[in-house]
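Read the structure below first, then the notes.
Going by the order they are written in, the chains are A, B, C and D; count residues from 1 in each one.
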Amino acid sequence: MKKINWGKHVVVVILVGFWLVMFVMNKNFRLGDNLASILREAATAGIAALGMTLIIIMGDFDLSIGSMVALLGIIMAGVMNTVGLIPSLIVVCVAGMVCGLVNGVIIAYFKVPAFITTLGTYYSFRAIAYILNNANTIMCTNPTFLKIGNGNIGVIPIPFVILLVLGIVLAMVLNRTVYGRNVRALGNSEKACRISGINTKRVKMLAFLLMGFCAAVSTMIITARQACASPDVAINFHFEAITVVVLGGTKLIGGEGSIFNTIIAAVLYASVSNCLNLYHVDAKWQRICMGLILLVAFSFDFIQRLVVTVRENSQKKTVQKV
Amino acid sequence: MKKFILKHSDNLSLGAVIIMLFIGFSIMQPNMMTAFNIKNILVQVSLTAIAAAGMTFAYTAGVFDMSIGSILALVSVVVAKTATTYGFFIALAAAVVIAVMVGVVNGLIVTKLGIQAFAATLVTMILIRGIAVLIANGADIPLYSMEGIKFISSGTIAGIPFPIILTVLVYIFSYILYYTTVFGMKLRSVGSNADASKISGIKTNRMVIAAFVLTAVTAVLSSLIKTAQVMFGKSTIGEDFALDVMTTVILGGTLVTGGKGNLTGTLIASILIAVIKNGLNINNVNSYYQQLIIGIILIFALIVNGIKTMKNERQIRREG
Amino acid sequence: MRKMKKALAAVLAVVFALQMVACGSANEPAKEENKDTNAQETQTQETDAAETNDTDKASGESKGVIAYSCYNMSWEYYVTLAKGIRDAAEAAGYEYVEHDQRSDQSIMVQGCTDLINQNIACLVLTPCKPEAAANVYEMAAAKGIPVVLADISTEAQGYLACFKSDNYDGGVIAGQYALEVLADKGGSHKAAMITVDPSNTNISRSNGFKETIEPAGWQVVSELSGKSEPDVAYSCMQDIITANPDVEVVFCSNDPMAISASQAVADAGLVPGKDVYILGYDAQTNVFEPIKNGTVLGTVAQDPYGMGSGAVEVFLKNLDGEMLSYDEEGTKIIYTDQWIIDAANAAEYE
Amino acid sequence: MESYIQIRNIVKQFYGVYALKDISFNIAKGSVHAIMGENGAGKSTLMKILGGVYQADGGSITIQGKEQRINNVNDSAACGISVIYQEFNLISELTVAENIYISDIPRKTFLGFVEKKKRSANAKELLEFLEIDVDPDAYVKDLTVSEKQMVEIAKSLSRNADIIIMDEPTAALNEEEVKKLEDVVNMLRKEGKTILYISHRLKEVFDMADTVTVLRNGEYVDTKPIGELNETAIIKLMVGHEIDSSINRQSYATERVLLEVYNLHLENVFAEVSFKLHAGEILGVAGLMGCGREEVLAAIYGLFQYDSGRVLLEGKEVSFKSPKDAIAHGICFLTDDRKDEGILPQMSVEENTTLISIRSAEKKLGFYVDPKSEAEQLKQMTDFMSIKYANPKQKISYLSGGNQQKVLLGRNLLLDNKVFIMLEPTRGIDVGAKEEIYSLLSQLAKEGMGIIAVFSDMNELIKVCDRAIVFCDGKVTGGLTREEFNKEKILTFAAGRKR
């Protein structure tokens, strides 16, 4: 009875199609380890993308997450090697939320466009990361910690498990809580929200706070996978996250988006870059491929908008006639 | 006089900051004050200032361009490759043609596909960088044979380095274009209120495309200076260029929502940033502090702006 | 194979078609075009992928694959190193594949993982972030794949051997050379360095240089990061001259920065090679010109090609069960030699 | 001989709804031709077609015997038409002079350099001629509303077009400014220009116009020389048939005062506004565009703050910092801009309906959205107002205007409110839906809710409301009980002439 609207889940179709093709075409792709490593890779950009999904649904961006990851990594590693594992994890989450809060407050309460605010913090956070440990890399050798990045539960890599858990939580927040409802409403029409008595400023601020938290979690994974924290990590992280979100069919104009699709998109993105490696595609071409993928992703958005408007008009017409 | 101060308060305050910084640095490192260094600073200014002029036009039209960093790289590679074989002017022509093409593509993606400037120029940014790397193919392309090109970066006319002259020329041209031509006026009106402009019979899409083209072309000039300085083409230069330039423009007090550019502010802001970098360098301070300070200044400037806008808000509401 | 490509294109076209149908109403002219373009885009992407695949399969019954994960293929130095590996590998009847870290540690880890998962015979690695290599070793060990380092060593163990030139020594060599050239001309004894933060390799180079000349009564007055970008190095040099107009010698952590530094000196109205002496590192092809015309004093030559071929030989030896001899048993480092190239001997190495 | 402008069988549809049906009339050269009609009669649409903003679906426009295809703004300008639009089309970031000459800038012949001096001079001349005291080099963003209006007029005159269309040019002007405008119009007529003049203010029409054409909901009614008309005659033409019997629907107004407003004041928006609202009463608010009525109500609702004055809710003084407070006190608000301030276009009918009510505190787990209760709430409203939709998850933007409006009403009705402020509750919805909304209102009144409703269409106001207050220039210029209701009175008050 209840039929799925594939228009909402294009990315799923593409992923399945892509995997089918790769299964047929490449013996290395089929390998369990390879699939596992795809999922592992999907988690790093994916988790940040979860937070970014909220932000983009509100119609904003966060360019600072890469720098955030660098800063948080240094803080976490520092605390870990001096105080201990558990405290460091707590500290990094708090620090992440503080970073997010900084962005959120400036954007929501001082009415500074998100793009520029996060541009400013993009500089500052990374600079602080450099200064804190004056540009040195910090090793993280705590075996339990490294598990976060490299361990498995059964056959599933832990990072992907974290991605799923966090994804489910955020999906609940987005679809089943008043707050999530307000986030989406805000993306639809800020004026309408004001009139309906929603505290738009707080909603905005909290979204960036969540973004900070997600950045903190992906920091853990990135750092664990590399067994070290360095201030020059994750230079293009914000682009990756945004690409994933857009691949997931979330409209840049805001108002609509799905956490589930973001997760799928993260896997798709990881699969593609994995295949580029499997075929040893020259780095020069890899750049261009990524560009094209992004272009395609953005045109999804465009095409869907086009189709939707056409469809709406026809619908309106029919309704009026009735 | 008072009117003047009020009118230019933003620019003046920026200027004040520069002077204070300059004095401060000079106390720490006397060589800051030398004519030689001031010349250096101005040359360093020219690199961002020229592209920033173009970016100011983009912001005025209500868009911005993230791809200029990649244009920088592509142009430096192309010029290096072509200049040695076909001569400088062919190379220059090629560079300009590329820039115009990129600008038009950006403009078309934004106006025709209706994708925001951020997304559109993000794509072109990645693609153009990719092309540059492809052409360079992992090598630095030397230009030693072309001593003539050196003139662009270090040649002097009447003792004034050419980059500075070029900057001045670019800004004179920009001022004329922005304040005295029909084009400039239409650009402002499009950025300020696209619909009203349409009703007044202005071709808005064309203006946006033109803005992108201007930005790209100015980026070419910056690229030429950089290339001439180091005398070889490299596909990796200019990774942060776009963000630096946008920071400069925003610091300069150009309205991010479009409609109102501030060329003077842009120029002053690029001087400010150059002074900070130079001052810290000659005091042998690590480069990370540069980023931090620039970031903080940017945010601070924005918060001040934010408070201003909040004050205006009621006014705006009353007008309905 | 061609069939496969066709099939692939077809499937992807279908996939996109599905997407269009899914998100679109029945008949739309715009839709049709978009489908085609999308399909084409992906086709082109995948085709060049598929072609690379061709060549892999083509060299049919090879002994296996020797993979090289490279710091950054945009740098000539590593292109040479890669060539060394490729030649040695193919000479030994192995297949050669490479992966570019693009100076990004995340890409490095992921790329190595992908290589290891393809059951390669051996992984030659130049880690852009040595600290991040530990996990790679573990993964490789798990699959019994030997790892050989080239050019950059790591604290973490787990690699078969490391072919590198001692960057500290390189700095020392540069320092000594500077001293002997400048010995007789009693100048200000001021030196400066343009380094690359935060790269350990470059830091040890500059330390080597520093700790050689300072005992000799020299003073390093300025140490700025050129971020290994020529244009940054250029403005750094300008500022160094500003702060210390009487600086005598400048040591740059690589050649592109050295060249642009010499340009900056010239533009500042000083004469490189007379007022200011500039030393580079790596001996890239386009540094010979400036060395010959004296704008760059000299460069510390390493042997990237040797490192590459050496790395492969070590792997082969190990395969035949030969004992390996290291220069440093503890760290399994095998040093390749370094020497100064200056105007005198530039011609022979060019 | 045939007349200067011939408009023949003009038809315009929006989404299948007729905005203009087969409009045909003539306009004589050198005359001031007033176009009259109530809101939504189609005057502005017709003017936009002449101005090239809209394209007619059918019909022809002939000027001086030549049939003109007006496909865009420039075409219309080429025909010598220039329009003063109802909503401003000034660029706030440009100066007055730049705005006035935006489409034909005096420029040197080589390269498009602007002759600033000349432009400013011309502008100054023009402004002085219009006796407008505005610096041509001042930025438009710094002008007052009426100054902007005058600049709009100057702008259209600057093109010295032969045909000048004025769409409610006096809506934002005060008496003497209107006088000025009249002089200008008379002068233009002497110069032989043709003027199409749209206004609600009957007085002006009688002072200026030679001929009057009346439209009524998209249809042509009549064209008469002004001599043959008087105010009542015109209003009759505009209103058409008298309003049907339901005018004497039962009133549920009680004596219990719900809301009292004393001397509400917000500088140069509204002043000394005072009125009462009783339980079970439907209070109509009338007034012309820009009279400040929406602003007053928005200020009461807490959308922005007023400078001075008192608001009493059931005798207790209240002042709402934000809509949130207002809602908490049982006041709700329906916007007149459904598209931008009402619906959440990309969200479902259900989500749109429960936007406010999901916040209600009495739920345990206040942050959790319970799909069941949501469904119930929607059902409740659906049954109450018979909202039509395919399924609860359908995007609201696919619904008809009427159903969208019902959803927005439902959004507020899910909370038990005392006072309901509505701006144009029936704007842009079809006749059937209108009737439903009317009965809904009286239903609510019956339940004891106090309703303040802004209506631009006087028929509706008279039909629905128990009592009415009329605004002009931000002041309450009159109040009428249902017994006193009649259009002439309301229009008189709205035109700013007190008893």
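Here is the rule we use: contacts are C-beta pairs under 8 Å (C-beta built on N, C-alpha and C of every residue); 3 or more make two chains touch, one makes a residue touch a chain.
Since we're looking at a predicted model, the values are computed, not measured.
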Chain pair with the greatest number of C-beta contact pairs: A-C
Chain A and chain D, separation of their C-alpha mean positions in angstrom: 45
Whole-Å gap between the CA centroids of chain B and chain C: 32
Whole-Å gap between the CA centroids of chain C and chain D: 69
Chain A: positions in contact with at least two other chains: 130, 135, 231, 283, 285, 292, 295, 299
Multi-chain contact sites of chain C, meaning residues that touch two or more partners: 73, 197
Which chain pairs touch, all of them: A-B, A-C, A-D, B-C, B-D
Chain B to chain C touching residues, read off their complex: 29, 31-32, 34, 36-37, 40, 43-44, 133, 136, 138-140, 142, 144, 150, 153-154, 226, 229-232, 234-238, 277-278, 281-284, 286-287
Contact footprint of chain A on chain C as seen in their complex: 4, 7-8, 11-12, 14-16, 18-25, 28, 30-31, 34, 38, 41-42, 44-45, 48-50, 52-53, 56, 73, 97-100, 102, 104-106, 109-111, 113-115, 117-119, 129, 131-132, 134-135, 138, 155-156, 197-198
Chain C-facing residues of chain A, complex: 5-7, 9-10, 13-14, 17-18, 20-21, 24-26, 28, 31, 33-34, 37, 40-41, 44, 130, 135-137, 139, 141, 146, 149-150, 222, 225-228, 230-236, 273-283, 285-286, 289, 292-293, 295-296, 299-300, 303-304, 306-307, 310-311, 314
Chain A partner contacts - residues on chain D that touch it in the complex: 15-17, 303, 322-324, 326-328, 333, 335, 337, 340-347, 351, 355-356, 358-359, 366-369, 371, 397-400, 411, 430
Residue ranges of chain B in contact with chain D within the complex: 176, 180-183, 185, 188-189, 191-193, 195-202, 255, 259-260, 314, 317-320
